[in-house]
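One chain, chain A, appears in both complexes that follow, with chain B as partner in the first and chain C in the second.
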Partner chain A sequence: MSGTISVERSDKETVINIKGRFNFEMHSQFRTAYQEDTSKGQKGRKFVIDLSGTEYIDSSALGMLLLLREEAGTNESDIEIINAKPEIRKILETANFQRLFKIS
Partner chain B sequence: MEDEARRIAEEIVSEYRRQLESVRFEKDQVKNLVQDAIGKLTDSFNGLRSSSDEQLGLVTGLTSSMQDDDGGEDGSDKKINIRGFVSETDKILKTFVNHIILVSRQSMEMVHRIDDLSSQMAEIVELLNDINAIAEQTNVLSLNARIVAARAGQAGEAFSVVASEVRKLARNSHEFSDRINGVVRNSKKNIESAKGIVEIMASKDMSFAIEAKGRVDEMMAEVSEIDRFTAETIHKVTGVADQISNQVGVAVMSMQFEDMVTQLSESMEKKIHVLENFSQAMDPDILFGDGLTAVDRMQRLEQVLEGQRAGFNAVDRGAVQQSSMDEGDIELF
Partner chain C sequence: MKILIVDDDRINSTILNRLLARDGHAVVISHDGVEGVEKFRRENPDLVLMDIRMPRMNGYEAARQIKRLAANRFVPIIFLTAVTDEESLALCIDAGGDDFLTKPFNRTILQAKIDAMERIRRLHGELRRQKETVERHQEQLQQEMEVGQHLFAKIVSAGNLLDAPCLKRWTSPMSVFNGDLLVAAYNPAGGLHIMLGDFTGHGLSAAVGAMPLAEIFYEMTAQGFSLSELVEAINAKLISVMPTRMFCAACLIEVDFRQQSLLVWNGGLPDVLVTDQTGRVVRRLVSNRLPLGVQALTREDRKMEIMEMRPEHRVFLFSDGLIEAPDPSGEMFGLDRLMAHFDGRTQTDQIFDTILSSLRNFRGGAVQTDDISLLEIDCSRAGEEPPGGMPRRSEKNLPPAPWEISFSFHAGTLKNVDPLPTVINAVMSIQAPTGHRERLYTILAELLSNALDHGLLGLDTEMKKTPTGFIEYYNLREERLAALESGFIQLKLMHEPVLSEVDGRRIGGAIHIRLDDSGPGFDYNKVRSSLEGNCGHGGRGIALIRSLCSELAYLGDGNQAEVVYRWMYE
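After this line comes the complex of A and B, so read on.
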């Protein structure tokens, strides 16, 4: 029912790939995926959230993305959301996320 | 015989005057009818023009009250209109969506804290296991002490008492740690149920927001279409009002023939006046007067004819020359 998360790390970039349903049940996986980078207090790291395999997104996922943004340091880091399907992109736009994230 | 002829001549003059009088009466009637009709037509056309202007004002006012955008957000007397209503709905929807997301964000933060709490609970359980191990070791130690004390016989009696007290303490501490473990287990259950509540708070399906947004966008598009149509209609109505105004202008200008009618009527009056003098030709004195020769009579009649011709021509020269208004240069009124 819930989705899976895979992470790819390079020197400057962490790509978090979310497949299936991005909902409350993913909170622990999602937190673990970025905590390794944010807990070090390292700033200026780029996060890429790849939603190409995401089928569904609810408000808790939006809340998680906002928390990532805060914990990653809003000023120095930039967070990019890529490959969102049209329906999911609509949700992100309705939530005005294009002001807080790069959506492409 | 001569008297009879004189009487007929007088009758001819009187009949001639009567008929002229009838012509004059009808001429005056025509003049009055035309003047009256022109007055009414002019009033009516001017009324038409002002009614058309009023109608345009009403239509413009009606539509501008529908379209007026609210000047400021705090304007208490701002008019309610469709566009304002839709954009207000859009604002409320955005606020609502923002609120949901904010609640979700805070809920997720709370979930993180709860998860942290859970792992701290797990640490407590580990520490309790350590305490149990210590208690177990202490228990073994007290058992060994009792064996050693028994071997020592009477001399170890007191030491045996201490050993059994130590054993009691070990048992107590085991018991305490079990009780703490029980409390921790209950706490874990409570924490899990709290997490369940937070999950409900955090998880809202967002499709409602998209549908609502879609509907608001549709309404906006419809309002724009209505605005476009209204503007187009106003434009047409203004055009029609201009046409009416122009046509009324032409009609009012055409009413200038009243002047011509008046002038022609005056000229007719003068001609009738001249014609009245024509009756001199029937003067019984000329026709039948004593002591006049036939030559005299002829000369007198020629004089009358000449005078009449000159009088009539004089009137004709002063009369209106044009036969249509396009040729005339009458001042506009």
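After this line comes the complex of A and C, so read on.
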């Protein structure tokens, strides 16, 4: 029912790829995916959330993005959401998340 | 382990006794079925070794009775048998036996079987304890849910005005607690505040946020705070109480019948749709703000959209649960199916019901996955009072006494704070005559907005005369207020008791209000003659103030106003 998450890490960047349904059931998976980086307190790391394989996103998932933003250091954090399908982009824009994240 | 041997063969039981004692078990011996059952009752053993053929009562019957006695507990019974034919063994199982041991006894097999039974017995005990724990928790949870439901219902529906004649609503929570919050209340000037909020997630955790939100909504609306001040206060509260991953997508609307306008603030809800008499969408109020509870609001974030309200308008708002409701195959209801009802072929007063019936047909027996809400505002009925009349706050009703208060507001305060709720709440906490808050509020609102809008901001009252002019006026007001650098408003209130002419008792009071502003004033004689009896758009509300007060006078250049308001015990 829920989706799967894969992570690719380089020196400066963490790419989190979410496939399938991005909903409340993904909470611990998503957290595990970024916490390896955020827990170190390292600044200036870039996070890329790749939604190319995401079919659905709910408000709990939006909440998880907010949590990532906070744990990565709110304003200094560099978080980019890429490859969102039009209907998912619409959900992100209805919540005006373009003000908090780079959406491209 | 305590083991009961039931066997009439004394040699057998002696051998067994010895074998078991050597392994450290406590042994109880009986020599027939009747004695076996009796000893089981008295000694409460953990395991039973049972012979089959015995005097008085055979092993099958004894096993049956023991199993009945042990009802909730697992007490393994191992039959001791010389025969191994299937029929006899089936009889043992029927009687409740758990295993067999064939004679002559082999010590290793005996030990293995007892160990195996002991493991099963432990497992069974563990399972039973867990089951009891789960049942206890479930009962506790049930009770807590009931308390929670009660609180939720009381707080969220306190003074809820969803039966206002212009509102039609439908809401379908997916669990006991609704994560969609729908509240409505009148402000003291008779404007209707409506809010639809959709919290992250659903169920109890979503509903928890609804409680502080509903309280703020009702309290601030009743005190006369504006919609943008509500947005500000709710946002601040949600940031302070909710975890980061939770927020509330919300739309707040004020229906102002007197000004024939709608104020809308949409943060994260789907487009609010406004239809005309053809049932087509003539305006969409899109979400242009972040949801509530995400981050502190800027001045820009607090701004409302204002639109002219016409009687033929109907306003539809809904939570995303409506668009995302799945059918049994998992397909979503979707925006297209919803928008099909706004094609001009559905009569406007039928749209609400046809949306609901097509949603019901679409969903079939599918499991609900989110809370769903739909609300309609019928603007032609915006002026109707709710059944039972306008709600009134019950005040303290303090005996009339002399007092005096004065306020002085300067530009720096006025551009950030609406002085009205502060003033009215100060008055009501000193002298609180029930039933007069609304009238005092209206008088002070008119006086203060005259002083601020015309005196300090230099706005032309003529602009307000048409609905489109009113919108321009509103926007210009926002702009000038943000840029306000100097000026002041002084307000002085003086109260004196009114005595009965018959017996001198205090039967009410008179509030003298004096208001000065730093503006250039206006020609009040001219305004008075041209606006006699007019209290529609604009007109400085002079006629309205006069209708509520016993005296009204403008002094100086027209930048000083004096008003006397009299009240009597009801």
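Everything below uses one rule, namely that the second predicted complex is superposed on the first by the 104 of 104 C-alpha atoms of A that agree within 3 Å, B and C clash if a C-alpha of one lies under 4 Å from a C-alpha of the other, contacts with A are read in each partner's own complex, and residues count from 1 in each chain.
Keep this in mind: a contact is a pair of C-beta atoms (placed from the backbone, for glycine too) under 8 Å apart; a residue touches a chain by one contact, two chains touch by 3 or more.
Everything quoted here is computed from the prediction, not taken from an experiment.
Once the two complexes are overlaid through chain A, chain B and chain C clash, as defined at the top of the document. Shared-chain residue A:Gly44: touches no atom of chain B or chain C. Of the two partner chains, chain C is the only one that A:Leu100 touches; chain B does not reach it. When the two structures are aligned on the shared chain, A:Ser59 is found in touch with chain B and with chain C. Of the two partner chains, chain B and chain C are each touched by A:Leu67. Of the two partner chains placed around the shared chain by superposition, chain B and chain C are both touched by A:Phe24. Superposed model on chain A: among 153-161, 207-215 or 279-287, the stretch of chain B in collision with chain C is 207-215, the rest showing no clash. Counting contacts as defined above, chain A residues 24, 58-60, 62-64, 66-67, 91, 94-96 meet chain B in one complex and chain C in the other. Across the complex, chain B meets chain A through its residues 94, 97-98, 100-101, 103-109, 111-112, 115, 199, 202-207, 209-210, 213.
Touching chain B in their complex are the following residues of chain A: 23-24, 27-28, 31, 57-60, 62-64, 66-67, 87, 90-91, 94-96.
Those residues of chain C that touch chain A in the shared complex are 198-201, 244-247, 249, 267-270, 286-291, 294-295, 320, 324, 370.
Residues of chain A that touch chain C in their complex: 24, 58-60, 62-64, 66-67, 70, 91, 94-97, 99-100.
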